[in-house]
Structure formats: structure tokens, C-alpha cells
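Taking it in order: structure first as C-alpha cells, then the write-up.
Think of it as A, B, C, D and E in the order they're written, each chain with its own count starting at 1.
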Amino acid sequence: MLVGVAFAIIWMKDLLSISMLSGIYGLLSASFFVAMDAVDVAFTEASVGAGVSTLLMLVAITMTGRSEHPVRHKPLLALAVVFVTGSLLVYGTWDMPYFGSAEAPIHQHVAPRYINDSMQEIGVPNIVTSVLASYRAFDTFGEVVVIFTAGIGVLALLSVVRRQEDIEKIDSFNNSMHEQHLVLRIVAKMLIPFIMLFAFYVQFHGDFGPGGGFQAGVIFAAAIFLYTMLFGMSTAYRVINQSFMQILAASGVLLYGSVGVISLLNGKEFFDYSVLSSNPVTGQHWGIFLVELGVGLTVASVMVIIFFNFAGRSENSPPPVSKDS
Amino acid sequence: METILEFSSSIFLLIGSFLCISGGVGILRFPDFYTRMHAVGVTETLATAMILIGLILHNPDFLVDIKLMIILLMTIFISPTASHALAKAAQHNKLMPKLDTDIKADNKKVTSSNP
Amino acid sequence: MLIHLPVLQVIIPLLAAPLCLFLTKPRLVWLFALIVSGLAFLISGLLLQQVMTSGTIIYDLGGWDAPWGIEYRIDRLNAFLLLIISSISTIVLIAADTSIRKEIPADHHVLFYILYLLSLAGMLGIVATGDAFNVFVFLEISSLSAYALIALGKDRRALWASYQYLIMGTIGATFILIGIGLMYQMTGTLNMEDLSKRLPEVSQTRTVFTAFAFLIVGICLKLAMFPLHLWLPNAYAYAPSIVTAFFAATATKVAIYLLIRFTITVFGLSFSFTHFPLQLLFVVLGLVGIFVASTVAIYQTNVKHLFAYSSIAQIGYMIVGFSMTTMAGMTATLLHLFNHALMKSALFLALGAVMYRIGTTKLTHFQGLGRQMPLTLAAIVIGGLSLIGVPLTVGFVSKWYLVMAAIENGWWPVAALILLGSLLAVVYVWRIVEMAYFKPALAGTETIKEAPLSFLIPIWTLILANIYFGIDTRLSVQVAQAASMSLFGVTP
Amino acid sequence: MLLGHYNYWIVIVLMMIGFYIVIAHGNLIKKIVGLSIFQTSVFIFYISMAKIDGGTAPILAEGIEQYSNPLPHVLILTAIVVGIATTALGLALAVRIKEAYGSIEEEEIQNKDNLDC
Amino acid sequence: MLIAALIAIFVVMIMAITRAILGPTLYDRILAVNMFGTKTVLLISILGFIMGRPEFLDIAIVYALINFISVIGVLRYSDNLIFKDSEQQKK
């Protein structure tokens, strides 16, 4: 099925349909992840691949026009490159351990310690969380910084200075649009608090089940997206201040980092959580809790920043220039 | 008791699957957007509800039941709303239902002049 | 605190970046960034000293032992690279404030410094880490911020260049990811040290071959090695001058470091160069790269483009030195790494000064600049001489070592070709000199003054360093030799 | 014997498709879609190698012995984040390019650039 | 019985994809995507039962939410787009 969708994306010319298909692709791969036991990953992929990135693509398409030119250039060369890569990979699979075999080296060397000892060492049932937030905490810190970088980058590329008359114009346009969406608005009003509640559940339940800071952040941001889409940018601006979001994003990163700094100041290695409490396992708990909170803060606020900048740009930008010019 | 639960859960699942399939056939075979939406919109809510109820009956765990119930509630809210919004948007953009007379006409007139 | 130096090196700029958002005044942020970068410089100096005296430093992040947690492993090579990156970054930042005012809209200044710091932290992270996946994460930090920084350029072509870079860079990173995945699949570990122990057992499998190929291609994309260099010239030419000066001096160096690290430390010399026709491939590509890029450079009309192509040619020299797989060759490469960073950052900073005064770097606008901006142009000339490899500059030192290494290997033709390549450099440097000194000034340009002091100080610091290390080679050669020794596992 | 790798082969086909879209298509947005397909297929590759037959999700529970390998999951979580960051940045660039050039087709942009020079 | 339901849902998913790929109008596609999303929710919940770890229904909840949000998003922005396209055609 994945292959089918992917092929369809090649042939499709209408960018809007492509973005929707890529949403399907995201959902499909997420289901695949569930079947492969990777529940945390499925969680993330569903909210990111099917949710956020599809939305961003849509907003981008509103600004760039939706059709692709039928120009085909040197597909032969491209095909050749692709086939070389592909056949190299197939060649590489030849000596791989079989799919699903328990004797594969990856199941023998590093992983067993995570599976067998993480309960004593960290005390969190979700192994993915304990590896993510403690054993490989620095990777995750890097991940938070990556998302922060993306937020700053989008801000640098797309931020617009809004003028008062623009806002009024958009307001009137939005109001005329939203009168039609009465049903949607009511349902959304019921759903949004629920979504936010659910985000908090995911945030704090991440130790025991699938979930964690990143997923929670995305879900929380999704609630705000929904609000923005239905009630208009300017209403959303009134509720959520842009510069406040930036501060929030920064403080998420800082919160994460400061946990590490605390362990430094206590003479332990960076991100050694055992200093946070007299009992090392409780310390790990606290560390993971704080770190996940930092991740959630940053992710939610960066997602909102990115979305606001895209959507704000799209509402401000003049209609696209005719393509024939 | 056990068997009754098991049995009824199976029945629900079966009905749900059947409805699903009929919805699927509908979306493939019906001639235009509105009829397709009819097929999907109607079956979807019921089928989902059936399957979820089947699963609830299947499972004794309380927490899982609660979660299933939440999903059920959400689908009951969400899917009619989505269908409603969809139909409204389609109509708003002057997508005409196909009538018998113009069934052969080209149905790609998505866009129109006035929003 | 001294034992925490390895992590502080990376963490200080990383944490300083979000802090910048709280200081809203651009001037303040600039000062802050400068201090942070200076601190990083200080730390890297201390680290290098520590490593030189007491050997490799290992730092376990989170207190978990190596294959389970992530470790930082600083040996002589890393420490050397860290020093190069942080020193160049600090010197370049001195000029940033003046240059940025002219080239970037005012409301983006704070963002610029944040991205700059992030990119610095990313590069430091790549170099410091001893974990293969951590490399990928920090690679993405540095490249994402690089895309955004390049797109901040004034010209609209900057956007297009940045987009191309994004596509190429992401393909490269994904290739690296595939490579790491395949390695992980065969060995079950991500730690580099551990990988190098466990890879020989499985080195005959096709999967490891594939992993190696993907890693090399991915790194070469990032490296802009000759056939994969297409993104580099535009990205360098249209980025803000400060960004160009910083990246030209550091970004490709980091990629070279990765190449060295993966081929020699992780896969081991015997695997990389005996199972794979890597040596031949690299020598040929390196040499072809030198000639093609130098020739293209001669025909450029924009000086920034010209030096960008010359960078590709210089990468060719490094690749040739690296592919000799001897201690001498490696020493030459590392020396050239350092020296090239010195020259290119000075040259691009000088171009930034020109940009600041006349608003363009088109070759035709250089007419008569030699008299109007004597100090800046003198810097360009000295830098150019260094590119050619004239004695008394660092360029000479590294070329000398390179040629000696080639001769030691018995590769006479290669040595000859390296010298021939330098002749091409003479041609393109001469074009600038001719324009600047032997053509009358354009009408209406009499008002052009010498660049402001904030440019001249960093430029001349770099140029003086250039000359100093060209005359007194003891320090740089000693460090480079020590680094290559530790790479080949020879105890000094 | 052959079936032992079928999963990986599907992944490879997906990778090739994504890669092909990136190289061969001129539309900037479509390139980014291709890029995300390419990345997603790499994610699938990582996740497939973590699977053990008869294993279950790596969340400890009583009475379960065999868990799938959690490490690739962690890596991919990070990689997904990187992916979305890249996508967001790429789309932002595409939007800006559209504003600056009035087009998001590779060839048109290159033509306009050549005119500029 | 679970398996049967799983297969049925799978078949329907394929049907939905077919419609999403063929779908002459934009709205057909949105409809198909929406349907696909709800079917995925069901698929995930049933899969959880089959694998014997039904605790992971959180994922299904997220799917339902995301699905709704993306459908709204498509509608909202396609409205905008069609508006702009028609403006363009007028010129």
C-alpha cells in the first residue's frame, strides 16, 4: 500500500492532492510502525507526518499555487542515479540478518541492558522514554535544539510586520468566512479543551505508556492550530502573543539544559540525573520529568510559531502572480 | 456470561465490518461526490460505533474500555461534523451534484467565479 | 570544572543561543555572542593543551558508560579541529556587527546571532562527539541553521542557493543516516570506539560495504567534493559576508573531519583502503576537482564566486593528502585544514569589507580599489598569495608538506600536478590584482574610503596569523603531526 | 531465504521513489514531499530492524518476556523531529522563493537567474 | 473475529486510497482521506487487541484528532486557494 501511494505521488500533478496523499502516507507508515511494535514512533509519526507537515504543506501551497508544471527534465539520469542507489542497497541486504530474527547483532549487544536493567536503574516502564531521556539524553537535547533552530529559521525567513489596516482587512474577510462555520466552531469549542487535556495526559503519562514531551507538544500545538483555523489569525493573535511564544520556546531549551547544568554544578556528568534527589532512581524520575517538560514546551511553542508565521504570511501575501508572466 | 459477551462482541464486529465494506463499495462505485459522501458519512459513523462497541465487549479491562469509549464519543462528534463541513464547502464552491441528465458531463468543474 | 571541559565546549554556545532571545538589543546580543564564542575559544585552547599533555579525554554524558550512553571523546584530532572552528568563529564575529547592519534587515539581527551560535555549537558538537548517531543530530543542527543563515542574504538568489543546499544537504544527511543504520544493524552499537572494535568481525559482509559507501557519499555531499559540489558556489556567493567567511573556513573542514574519522577510526585503514578502491577514487577526484574548479574560478565575474570555486579546489588538495594514507599525507591535510581556514576566512572577510563599502563584489567594480581601500586589498593580495602557495605564507607550508608526502609515497605525477594546480591559482589571483591595482578607478567612486576598523582588525589578525604560521611553523606542524599520529595509533 | 529480507526490499523501493521525486521533479514543493518520503522510508528501515518475531512493544509489563529493540525507536523519534524541522524550513524557503521569483519551478528560476547575471 | 474485522478494514482502506488517487474532484479526495483516517483508527485499535497490548489506544485517539484537524485544515486552506485561483483566472 505504501508503495502504491508513493507511486501515485510521482504521477500526481496537483500539489494539493499530493499533500493529502502524503498525509495518507504518514498515517500508513504510522500504522506500519504500530505493527512493528514501535508505538512511540507511531505516535509521533501520526501527529507529525499526517498532521503537522500536511498542514504546513497546505499553507505553503496556498501561497505558491497548486499546479505543477509538466516539465520533465533528464529523468533518465535521475533514474540511473536512483537505480544505482537502490541496487547498492539491495546488494547490501544480502548479508543482513533476517527480518525479525532474534539473533541479529542489534538484539545482542547494547539493547539487552536497556531492556533488562532500565527498570532498576531508572524505574520507568516505558523503555523508549528511559533511553530517550536518560541514556541518550544528549541526543534528545540535540533534537530539541534542532526544532528550536527550525523555529528560529522560519521566523527569520517568514516573519512579517503586520500593519493595522491589514489586520482589519483580514478580520473582515475572516468574519465573512466564519459565519458559515457555525457547526464547526461549536464542535471545535468542545474539542479543544479536550485535546489540551489529552496533551497533558500524554505529557505526564509518557513514563508508563507511549507518549512524552514531543508528542504532547505536537498535540497541544494541534489544538491551537484548530483554533486558529476556525477563529482566524487575529483572534488567535489576541490569545497567544508571538514574542511570548518565542520566550517559551527558548525557556523550554533552557529548562532542558539547566537540568544538565545542575548536575554539572553538583560535580557529576552533564545530564546525570541522580543528583536531583538523594535516591538515584527518584532523581532519574525527576530528571525525566523536567526534561520531558522542556521538550513539550519547546515543541509546542515552536510548532505554533512555525504555523503562525506560515499562516500569517499566507493571509498577508498578495494573490500569487500569474504564472505566465 | 463469557460466551454471551464473546458472541455479542463478534456480532457487533461482524456488522461493523459489513458496514465498512459497504461504505467502501459506496465510495468506489457511486457516480458523484454527494452520493459518495452519503455512502461514507452514513456508514462510517455506525460502522465505527459497531466495531468499537464490539471491542468494548471483547475487553474486560476498565481503563481500555474508557479509552475506547472516548474514541467512540469522538468519532460520533467528529465524523458527522467533518462530513457536514465537507458538504458545505463543496456546495459553497459550486460543485454541482450530478443529475441524470448530465451524468455524462465533465465533472471537473471544481472552481467557479464567486466564493 | 576542568573535567567538564569537553561538554562545556558544546553546551555553552548551545545554551547561549536561546538566551539571546531574552536580550532584545542587537548590539547587546552581538557582544554576548562574541563573549560566548570567545569562551568556546578559550575552552578549546585548554582542551588542546590537556590533550597534548595527557592524551585522549573521555567524557560520559549522563554518567552512563560508553556503548549505552553517549560519550565525548576528545583526542588530538578533535581538539585541533575544535580550536580551528572556535577561533575562526570568534575572529569573524568581531566584524559581524558592522557587516550585518548593512546586509540584513534590522529586525533579523537577533535571529542572526542565534542561528550563528547554533551553527557554531552544531559544528563543535559534530567534532567532539564519539557517537555515530549524535553526529547526525548535530550535523542537522549546524546545517539547518546554515540554510537559514544563507537565506538571510540580500539577493533573491540567496534563497534559491539555500534551497538547493537544503535539498543536497538533506540527501547527504539521509545517506549518512542510512549508513549509520546499516552499521548499527551489523554491530548493534552506535559508539564509534565500539564500532571500530566490532566492525572487523563483520567487515567481509556486503552490508558493511554498503554502509561504508553510503556514509562516504553522504559525507562527500556535505563536503562538496568535486562531482558533488554544485550547491557550494552559490551558497557561498549569496550568503551574508560574515556567514560566508565563517562557513568557508569551518563547514567543509568539519566534513573532512568526519571523513577522516569514519574511514580511519571507525572502519579502519585496512578496510577503507584495501577492500575499497577508495584511494584511486579519491586521488583522481581530488586532482580533477583541483583542476576543474580552478579553471572555472578563472572565468568567474564575481569575486565571491571565484573564491568559492577556489575553496572546492582547495578541498581537492585536502582529499589528495588524505588519500595518501600515510602519516605525512595526513599531516599535510591537517595543516592545510588549518591554513585554509586562516586564508579563506581572511579573504571572505575582506570581501565583506568591500561589500560594505561598495555594495557588490563583482570583479569589474574592483577597478582601482587598490588605492581606495589599500589595507583591505593588501589583505586580499596576501591571502591570494597564500592560496597560490608563495613562501612566507601558510599556503606554502601546507603545499610543501603535501608535495613532500606525495614524493615520499613515490607519487611523482601527483606532486607535479599539485604544483601545476597552483599555477592556475596564480591566474585567478592575478585577475583581481590586475583589476584592483592596474585599472583606473571607476567614475563616481572617489568617495570610497578604507573599510572601518571593525573589519580591519579581524582581517589583519588573520593575515598576520597567516604570515606568522608561514614563518614559524613549529606550533601548527607539531599539533598536526601529533593529531595524525594519534589517528594512526602511533604513540609519540 | 528470499523472504527473509522482503521487508527491507519494500523499504528500498520506497526510498528509490522518494529519491527519484527529489532528483527528477522540478517543483520545489514536490521535491520536499519526495524528501519526506525518502526520510520516512529510512525510518521504516530502522524500525523494521528493531522488530523481533514474537516480541512486543518495549514498554515493560508483567508476564512478557520478549521485547523489541527500543534503541532504533529512540533514534527514529529524533530523526522524525529532524525531518519535520527540515520540511518546515524547506517549505518556508519555497514560499519565499515564490515571492521573490514568482515561480516554484526549478527551470524557470534558473532561467531568471541567468538573466540576472 | 478480530482478524476478519481487520481484513475488512484493510480492504476498505485500499478502496479509500483508490478513491483518493482517482477522485476527480478535490472533495472526493478529502472525503477519501477522512474515511481513510477513521479506518486507521479502527485498524490501530483492533491491531492493539490482536497483539495483546490494548493499552496503546492513546495512539488511536491521536489519530482521530489529527484526522479531524487535517480535514479542517484542508477545507480551510483549499477555500483560500480556490478563491485565489479564481481571482487569477479573472485577471
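Throughout what follows, a residue touches a chain if its C-beta (ideal position, glycine included) is under 8 Å from a C-beta of that chain, and two chains touch if they have at least 3 such contacts.
These figures come from a predicted structure and were not determined experimentally.
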item	value
Steps needed, at minimum, to go from chain C to chain E via contacts	2
From chain B, the most remote chain by mean C-alpha position	C
Chain located farthest away, centre of chain E as origin (C-alpha)	C
C-D or A-C - the one linked by more C-beta pairs in contact	A-C
Approximate Å spacing (C-alpha centroids) for the pair chain A, chain B	28
Chain centre separation in whole Å, for chain D relative to chain A (CA means)	13
Whole-Å gap between the CA centroids of chain A and chain E	19
Of all residues in chain B, the ones touching two or more other chains	74, 78, 81, 85, 92
Junction residues of chain E, two or more chains touched	26, 30, 51, 55-56, 58, 61, 65, 67-68, 72, 78-79, 85
Per-residue multi-chain contacts in chain D, two or more chains	15, 19, 28, 49, 56-57, 59, 61, 71-72, 75, 78, 82, 85-86, 89, 93-94, 96
All pairs of touching chains, each written as two labels joined by a dash	A-B, A-C, A-D, A-E, B-E, C-D, D-E
Chain E residues touching chain D - in the complex, by the definition given at the top	51-53, 55-56
Complex contacts: residues of chain A adjacent to chain C	88-89, 91-97, 104-111, 113-114, 134-139, 141-143, 145-146, 148-150, 152-153, 155-157, 159, 161, 246-247, 249-251, 253-254, 257, 260-261, 263-264, 268-274
Chain E residues touching chain A - in the complex, by the definition given at the top	13-14, 17, 20-21, 23, 26, 29-30, 33, 36-37, 40, 43-44, 47-48, 51, 55-56, 58-59, 61-63, 65-70, 72-74, 76-81, 84-85, 87-88, 91
Chain D - residues contacting chain C, complex	15, 19, 22, 28, 31, 35, 38-39, 42, 45-46, 49, 71-72, 75, 78-79, 82, 85-86, 89-90, 93-94, 96-97, 100-101, 109, 113, 116-117
Touching residues (chain side chain D, partner chain E) in the complex	56-57, 59, 61
